[in-house]
Every structure is written in C-alpha cells, then in structure tokens.
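Multiple structures follow.
You will see two complexes here that share subunit A, one where it goes with subunit B and one where it goes with subunit C.
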Partner chain A sequence: MKKFINDPADVVAEALAGLAAAHPDDLRVDVSEQYIARADAPRGGKVALVSGGGSGHEPLHGGFVGTGMLDAACPGEVFTSPVPDQILAATKAVDGGAGVVHVVKNYTGDVMNFQLAAELAADEGIAVETVLVDDDVAVENSTWTAGRRGTGATLLVEKIAGARAEEGGKLAEVAAIGREVNTASASFAYALTAGTTPAAGRPGFDLPEDEIEVGVGIHGEPGRRREKLRPARELVRSALDAILEAKPVNDGDQVIVLVNGLGGTPLLELYLVYGEVATVLAERGVRVARRLVGNYVTSLDMAGMSLTVTRVTDEMIRLWDAPVRTPGLRWGA
Partner chain B sequence: MDVALALAWLRASAGAVAAESDRLTRLDSAIGDGDHGVNMNRGFAAVVAALDATPPDAVGALFVKAGGTLISKVGGASGPLYGSALRALGKALPPGPEVELAALAGGLEAGLEAVRKLGGAEPGDKTIVDAYRPALDAFEEAVAGGADLAGAAAAAARAADEGARATTAMQARKGRASYLGERSIGHQDPGATSTALIFKALADVTA
Partner chain C sequence: MKKFINDPADVVAEALAGLAAAHPDDLRVDVSEQYIARADAPRGGKVALVSGGGSGHEPLHGGFVGTGMLDAACPGEVFTSPVPDQILAATKAVDGGAGVVHVVKNYTGDVMNFQLAAELAADEGIAVETVLVDDDVAVENSTWTAGRRGTGATLLVEKIAGARAEEGGKLAEVAAIGREVNTASASFAYALTAGTTPAAGRPGFDLPEDEIEVGVGIHGEPGRRREKLRPARELVRSALDAILEAKPVNDGDQVIVLVNGLGGTPLLELYLVYGEVATVLAERGVRVARRLVGNYVTSLDMAGMSLTVTRVTDEMIRLWDAPVRTPGLRWGA
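Right, the complex of A and B next:
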C-alpha cells in the first residue's frame, strides 16, 4: 500500500507538526507532550473540553480544536489511545479554573487511559467530568461486550457541549448536555474496504470484491458480519432500521443527521447516501433539522460510511448553530 | 529474585515481544486493530531504556518503574493493563535488592488483581487473564510443592502457553475483540499470547 509518509514510526509526530504549521493563528501544538490546544487557551473561567483517541480518525479530534468546540485534543499512535501523561498535560494546559470535560469514546484503552489521567488531574486539584460516547448500535450493549463503541456522535457531543462551554456553561451543565446528546444518538457503519495503518502497510482485513463488512468500527477491526454488496438504497434502509430500533424517533421529532465518510469514500457517494437517508426519514415523519455530509470521523483510508441520527431539542439545535472555528468544522465565526 | 534477575526477565520479555511482534500483530489484526505487536515492542523497548538509564537498586522499585514506563509509553489497553500489573507487583514486594519466592508469588497475585480491577475481565473472557490466571496457579502450586524459582517459572510458562492456546475456542467478552461476537471464536487472543511470552521469558532467564 502506497502512502505519503517518510517513516511509519514518525507519521503521528510529523502530521502534528504539519497541523501546527497549517493553523499557526488558531492552534498551539505541543509536539513533545503531544497535544493540540486552542491558541488562546487557557481561558479563565471557561469550562475546557479535552478529547483524544488514536490517530487515523482525522479531522477528529485535533481538527475540532478551536472556538466553540474543543480546547485541546490528544492524538495517540495510529488507532491507539493516548497515554495518561499526555492527557494530563493537555488538561492542565487548558484548565481555566472552571473544570475540564473529558470527551471519551467508549473503547477499553481510551476509557482506561482517560480514567488514569482524570485521577492524576484530581490529585492536582482540577475538577474533571467525563462524557463517555457510545453511539454505535452495531454492537450489542450487554455485559458480554465492552459496550457500544463511540463513533460519529462524538462530533455532535463535541460541537454541542463545546458551544455550551463557550457561552459560559458550568462544568456540570456542559457535561450534562454532552451526555444528553450521546444518549439521543445512534450510529451504524459499513465498510467496502479495510484501511491500512502506516505501520502494518497492508489492509487490516481482506474483502472479496462483492462483499462488505456490516457494523464496522473506526479502527479497522472487522464488523459484525459480512454480506453481499447491495444497492445503497437498501443499505441505508437497513442501517436506519437498526438506528431507529435502538433509539426510536417519534413522528414529528427533530433530528440532526451525520453522513460520515470513513476516509476513502468520495463525496459523490456520500451525497447519494444522504439523498437516500432524507427519503427514508421523510417517509417516517422524521424532521431533519440539520445535516452534515463529509469525512469527519474517519478510519484512515477505509472506503465506507457511517450514519448517525441524533434526536435533538431546540436547545441542542441552537448550540449546534452557534459559531465554531476549527480546522475541521467552521461556521458563523 | 534479585535486581539483576528481574532486569534480565524484563530484557528477555522485550526480546520476546520484539521477536514475536509480527505474530502478535497478525493475531490482533484478526480480532482487533492490528497494533498489539507494535505497541508491546515500543513499550518494552522503552522499559529497557528507562531501566538502563537509571537502574533501581530494589526489585520492587524496578517493577514499579517498568510499569510506570509502560503506562506512559504504550497507550491502548495493553499499556495500562501490563503497566498496572507490573506496578502492583513492584508495590507488593518487600524493599531490598532481593526477594523471596513466596513474596514474588504474592506480587504476581497483586499484578493479576490489578489487571482484573482495571479491565474487569474474568477467566473465559478471552483476555490476558486467561494466560495469567493459570500461570499464577501453576507457579503457586509449584512453590507449595517445594519447587525453586526455575521450576515454578517453568510450570507457569507451560500453563500460560496452554491458557493462551485455549483462548482460541473462546468468544471475547472484553476489549475490542468483543465487538466481533461469535466471529472472535477460532482466533487466539493476542493479549493472552503476549502474557505467555512474558512468563516464558521468566522461565528462560531462570532455567
């Protein structure tokens, strides 16, 4: 697999340096501690949001650092959670005295490392609230698994909770709206090909030309099952069935829809998918209040897409519309 | 076990995960995200470098430092799990440049407890625990039967290897492999496999 890299071992550090060079006015990147912070952090009296996770999901999370969203992000190695020291350094760097919210995707490694970091931060007198994101309904939420994975809804949690923090929300309020957004969200993903990590140099799994992985996550891990490729209209309908079964939306409810590319799928196909989503939701009487189509929570170069549906209140829509200025998401500012 | 032997064990563990890095990554690609070999290799290389730079003069301090290095350098689940295990092992040991066999057994028990507390895994969940638990049982049984460290370590290594192999038939209930449901059956668990490598390293350096 061909890639634009120098040495597989240096990819994350070099990409971080590049991100800093590309956004000199908005971001401050600490290459040795490995975190990305708002240039104007810490902001006294403002609740800070810190997220992080393995690299390979760009623009998540580093691309969502800026006004109205995250105060800092900690990228780990590719598909590997950041380490506690890194998360602690970022937390201390952006704490403005009003507390810090950790937005954590529900993966065993992320949960453990953020938990250790939150304990260390508490030892230093920083109040930390953790918002766990677990929206992927392809995984059964039972005692027999590590629980549902955090995927596309992470963007909505970071945007809406970030807006609440920007307008002066208190620590408990920011965390609460983040948790509400997560609870109201469900996601489902398909992969057409596996992604290739720089270190492995070969795809994480092989798929025959006519088969797809159903219910994949964002780390190249295989999905729940394989199926024959079907027309997009049928795949969308199946995904929405799973989403709406897990998180029912009633007639007249408003939703935000995210059609998210996993890194290797053209926008042409993502818009085609959005058209199918709009048709199905209209049939079911669901009002789409806002929508976002593009590559936001990716899995390196995986061809595939995920759908996220979040049932929203007027308050969430107001916060969604609030100004945001980040490398990956920008409007009104 | 003295400081030199503890250091030799960690060095041999680093050598083993480096040599088996590709295999660990292949196992992890089948049911996880394909980075276990790379991460373990990076972590244990950092452990050896940290211990070479400033070698602790007590066995317990050495394991605490090794564990802290893994937590700081690895990330993922394996960093906190192996790091916490080594830290708990080190903290459970009495101070001094040499520890008795019974104390070491107690330390290994504390290490397993740390893994179970952090990860919540029980035997049969297809995790590190499925190699660590039988290895520890065999170690303690050998010690109770009068074996020396070499004998106990050899018994533990055999049991860890059998435990790791037995994970093939299990359905994962913890960690990333659990997302696969029944599809995780038929693949040996990478975490249990690396645990078996570490117990084999102990057997190799004490033989």
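Right, the complex of A and C next:
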C-alpha cells in the first residue's frame, strides 16, 4: 500500500486536524468528540442539519459543512459508522432551539447509531427528525444494508434541505423536502477498480483487468454482476435504463444530474460521461435543469463513477441555486 | 486499461462536448477549433487571458475559464501541446481590444506554439504579452523542458492575474502581476503511481510497490530520485525544504499554499498532508494567508500530490479573494 499517511490508525484524526487547519474561519472541528461544525453554530432559531458516516467518502460529509448545507458532520473511522455519543455531541453543539435534522445514509450501523443518538437527544429536549437516504437502485439489499443503499443523492438532500433550513424553514418542512428529494432520486455506479483502506492495505476486492463491477456500492459492496468493460456510451445507457426504470421520469420533467467520480477517475472521463448522459436524456425528452460533475461521494481511490438523477420541482431548483459555502461545494457566497 | 471512454482517439473531443453540455450558460466551446471560451467573450476593453496545454490535467485549464480567471483555454490532445492555429483562434475570439495575456507552462512545445500564435496575433493587430510559468523546483531541466517545469503555480497565476484583468487592469499590469506570482512561487511533487494515458493504455512508468518518484512532473517526467515510501510528515518536510531553499520565505512573510492532488489521491490524504504543511510552516514562522486543498493540476489518474508555496503581497491576497466563477474554482459569484 502506498498512501500519503503516517500511521494507518491515525488517518481520520490527522485528516480532521488538516481540515480544521485548512478552514479556520468557516469550520470548528472538535477533535476529541470527532465532529466538524460550522464556526457560527449554533444559530438561534435555525433548524440544524447533522449528517455523518464512515470516512473515505470525502468531500462527503465534512466537506459539506457550512452556510446553506450541513451544520455538523460526524466522521467515523474509514468505512465505519460514527458512534452515538459522537452524533449526540454534534447534535447538541449545533442545536439552535428549532430542532435538528439527521441525514442518514441507509447502512445498518449508521441507521442504528443515529437512531440511538436521536433518542438520547430527545431525552435532553432536542427535537430530531431523520431523513433516510436510499437512492442506489442497483440492488435491493446489500452487505451492510436492509433495503437500498444511500449514495450520491445524499449530496442533493443535504444541499436542498440545507438551503430550506438556511432561509428559515421549520423542522417538519426541512425534513419533508429532504425526504422528497430522496424519493425523487435514483443512483447507479460502476467500479473499474477497488479502493484500498489504510487499515487493510490492499484493494477491497479483486477485479480482473478487463472486468467491471456493475452496480457497486461506495464501500466496494457487490452490485448486480461483473461484466467485461464496455464503451462509456453503453455503460451510461445501461445505468440510465436502471435509474429510469426504478424512478420513471416523464417527458418534460426536469432533473438535476450528478456525475460523480468515486475517487480515482479523472475529470476528463467524468466530463466525457456527462456528454453521454446529456445525449441519452435529450433523446428521452428529459430536461436537465442543473448538473454537477466531479468527485463528491467517493470511495477512497476507487476508479469508478456513479450517476444520480433527481426529478425536481421548481422549488427544489430554487433551493439548489441558493448560496452555499462549504469546502466541497460553493457558489453564490 | 480500464477507463470510461469510447475510442481512445476521441477522448479529448468527447470530453470537450461534455464540458460544453455541463456548462451551457457559462462556457462556449468551439469543438472544431478546439477551444473553450467564456460565454460572454469578447468583453470590450477588458484584457483577455488565454492559457492551454496538453489535456489530462483537468480541471486545469478548461475548468478555469470564466469570470475572474481565464477568457479561453486551448486543450491539446492528452499530454500534447495545443497547436498555433488553435491558440490563435482562441486569442482572436476573446480579444476585446485591450490585448491578450498568454499564460504558458514552461514546456518546449507549449512555449514554441504559443510564441508562434502570439506572432500571428500581432500580425493581425492584437497585442499579446506572455507569462511563462516555471515553478517546479524539483529539477532544472526535464524531459520536455529547458529550465524548470510549470505546474501548480499556474492556478495562482491564472487566478490572480485573471482578477486583475477583471477589475480593469491594463495589459502590462495584468502580465506584470502574473509574472510576480510565478516568481514568488515554488512547487514540488511526489508520485506513488504513474498515470495511464488513453492512447498508451498502460502506466507511463513502472514504480515498485514500495517506492515513490521524488520530484515527479505532471506528465510523469522523472524527478530527483526514487526512494522508499516514507510517512507523510517526512515527505512534507522534505518537499518544503526544497521549496523554501529555492524560494526563501522570511519570518513573518505571508504565503498562499496549494496542496494539490495529481488525480488518484483521496481528499482524506490531501487534508492529512495539509495538516503536516501547516505544522511545518508554523514552526518556521510563515503565515499562511490562504490555502487550497484538492485536485486542481492533475496527471490523469496518477496517485500523487504536489505542494505549491507562493509568497504573497496584500495586493495578491486581495486579488485571490476576488470573485471567481469557473467550473473548477468558484467563490463569491
């Protein structure tokens, strides 16, 4: 294994220290409790958003903390759920009296630990609503999941619900639009190679030189099947078939598209992929209102990419366009 | 080779088409002449900035076209210089009558082709100033270079000179501050693995499982030596030694730091690296005024990273902070 690290056991803590040093004005990092918060939290009267999950998916979630998106993020160890005490500490730190929304990707450990933290927070008088993200339509159940996995749509949920909270939305309203975004979203991913965790020191799975994993998860969980590598235009078409079968989009509907790299795929390829996506969606009469191309919900150094399509209302587009100022996503601020 | 492409010969053209589709409001892509321009170019009375170079370094340069940075970029084929006609076409397309600055990384082909294009532009009555970027202090001459290579500082030159042009700076002023930024900058890179070009289909060089290339170039050019992998804190210290030896920074000086991924290195590692950089610079009394952590000047899927340190004036910081709106770098707009 070759990585820019010191001791594999210290990677997450040291990366957190680096994130804190890199964003001294915007973020406040509690290294002992292991959470990242907006520097101006808690904001009185504002609904707070807290997310988290295993590390290794950066910029998700810590890179999405800031104005217009998350109030706090709880990074677990690499590919490991954050613990309830950590989530509780973050929830208490950013609660401004208007309640807290937990954005939780659907993995068994995450769901259990966020639920426990929500109960503990309720005991302390903090109202918590949970938005579960389960957008990955490749498989119904998976290695660490009952039901569908939460992947790329997490970014859209956090951005759109975060904007609603920033403009003064109430707890129920912020949670409701977050759930609507998840319901309107579908994702599908391909892996060309596996990512390597610092602890294991070798790729999470083996894949022959000419094969790909179709429908891979963001921890390298198996998808639908393996197959021979095909041209990008065919892979895009197959992924969009799966996405639009699971979540149909009607002629004239508007969507936001995320072409997401899983960490080791160059931007040159991601833009090429977006060109293919635009072609296929245009053929089908789907209007792409907004799109984002880059590495946002990653799996360490995995060469791979995911597509997310979210059918959006004008209200969701308005919230998508609202100013956001985070390390990983920024515009209008 | 496993990549998300169709025919290796079509990668750059198809990625350009994807870039155009992804940024319909902000960019205008001329696919036949092969350049990317601001949608609102030419802007009368504004000095225009044009850069370019081989593809494979995305988001550099096409991702830096937009308000407050470049007016146009000319992508060559992967790791291949753009041709003079292409550069001339871009120069003419964005010239607003106030002259054009060419930002050129110091590689023999780029220098020659931009020079020829500048002469052809002059024949047509367009005043061109050239800013040569040669910040990489690892080696004096290299595979495609007489003198030092141009790498990470290109981003700083384009951002700061671009801001000066946006606020109405004259041709000589924009070129002057670009040159000052280059002179004040030094960079040093490490590779853990080689990148793979679509045309070659295999890594550009072989590196044993426990070795790294010290002082690597962004096309995989050899650096100073190979050595065994060491902890990140030691690599950072060695790189900063080389950088500060070449371009001394005095106690109390202010710098902008770029921790740049070469394409295949996860953000988790880059933030860890930034933490080490912050520690070393603090020890030496250097004040980090601004910093940027991410994949900006890449080498396809190379696992590696570079550090750039630029000693900055208050004026440079003011221009760095000015609004920028490009696919690859955006704030305040």
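By our rule, the second predicted complex is superposed on the first by the 328 of 333 C-alpha atoms of A that agree within 3 Å, B and C clash if a C-alpha of one lies under 4 Å from a C-alpha of the other, contacts with A are read in each partner's own complex, and residues count from 1 in each chain.
We take it that contacts are C-beta pairs under 8 Å (C-beta built on N, C-alpha and C of every residue); 3 or more make two chains touch, one makes a residue touch a chain.
Computed from a prediction, not measured in an experiment: that's the story for all the values here.
Novice: More subunit A residues touched by subunit B or by subunit C?
Specialist: C
Novice: After lining up the shared chain so the two structures overlap, which partner does A:E58 touch, if you call subunit B first and subunit C second: first, second, both or neither?
Specialist: second
Novice: Who does A:P42 touch here: subunit B (first), subunit C (second), both, or neither?
Specialist: neither
Novice: After superposition on the shared chain, which partner residues are touched by A:L235: those of subunit B (first), subunit C (second), both, or neither?
Specialist: Second partner only, subunit C.
Novice: A:A146 in the overlay: touching subunit B, subunit C, both, or neither? Say first, second, both or neither.
Specialist: A:A146: touches subunit B, not subunit C.
Novice: If you stack the two complexes on chain A, which partner ends up touching A:A17: first (subunit B), second (subunit C), both, or neither?
Specialist: Only subunit C is touched by A:A17; subunit B is not.
Novice: Going by the contact rule set out at the top, does A:G169 touch subunit B (first), subunit C (second), both, or neither?
Specialist: In the superposition, A:G169 contacts neither subunit B nor subunit C.
Novice: Can A:W331 be said to touch subunit B (first), subunit C (second), both, or neither?
Specialist: In the superposition, A:W331 touches subunit C alone.
Novice: Considering only the contact definition stated at the top, list the common interface residues of subunit A for subunit B and subunit C.
Specialist: 78
Novice: For the complex, give me every residue of subunit B touching subunit A.
Specialist: 25, 29, 31-35, 38-39, 42, 71-81, 118-119, 173-181, 183
Novice: Which subunit C residues qualify as touching subunit A in the complex?
Specialist: Touching subunit A from subunit C are residues 2-7, 11-12, 14-19, 21-22, 55-56, 58-59, 63, 78, 190, 192-193, 209-210, 212, 229, 231-233, 235, 263-276, 278, 291, 293, 295, 298, 300-301, 303, 305, 325, 327, 330-333.
Novice: List the residues on subunit A that touch subunit B in their complex, please.
Specialist: Those in contact with subunit B are residues 54, 76-85, 107-109, 112-113, 116, 138-140, 143-146, 149, 197, 199-200, 204-205, 217, 219-222, 224-225.
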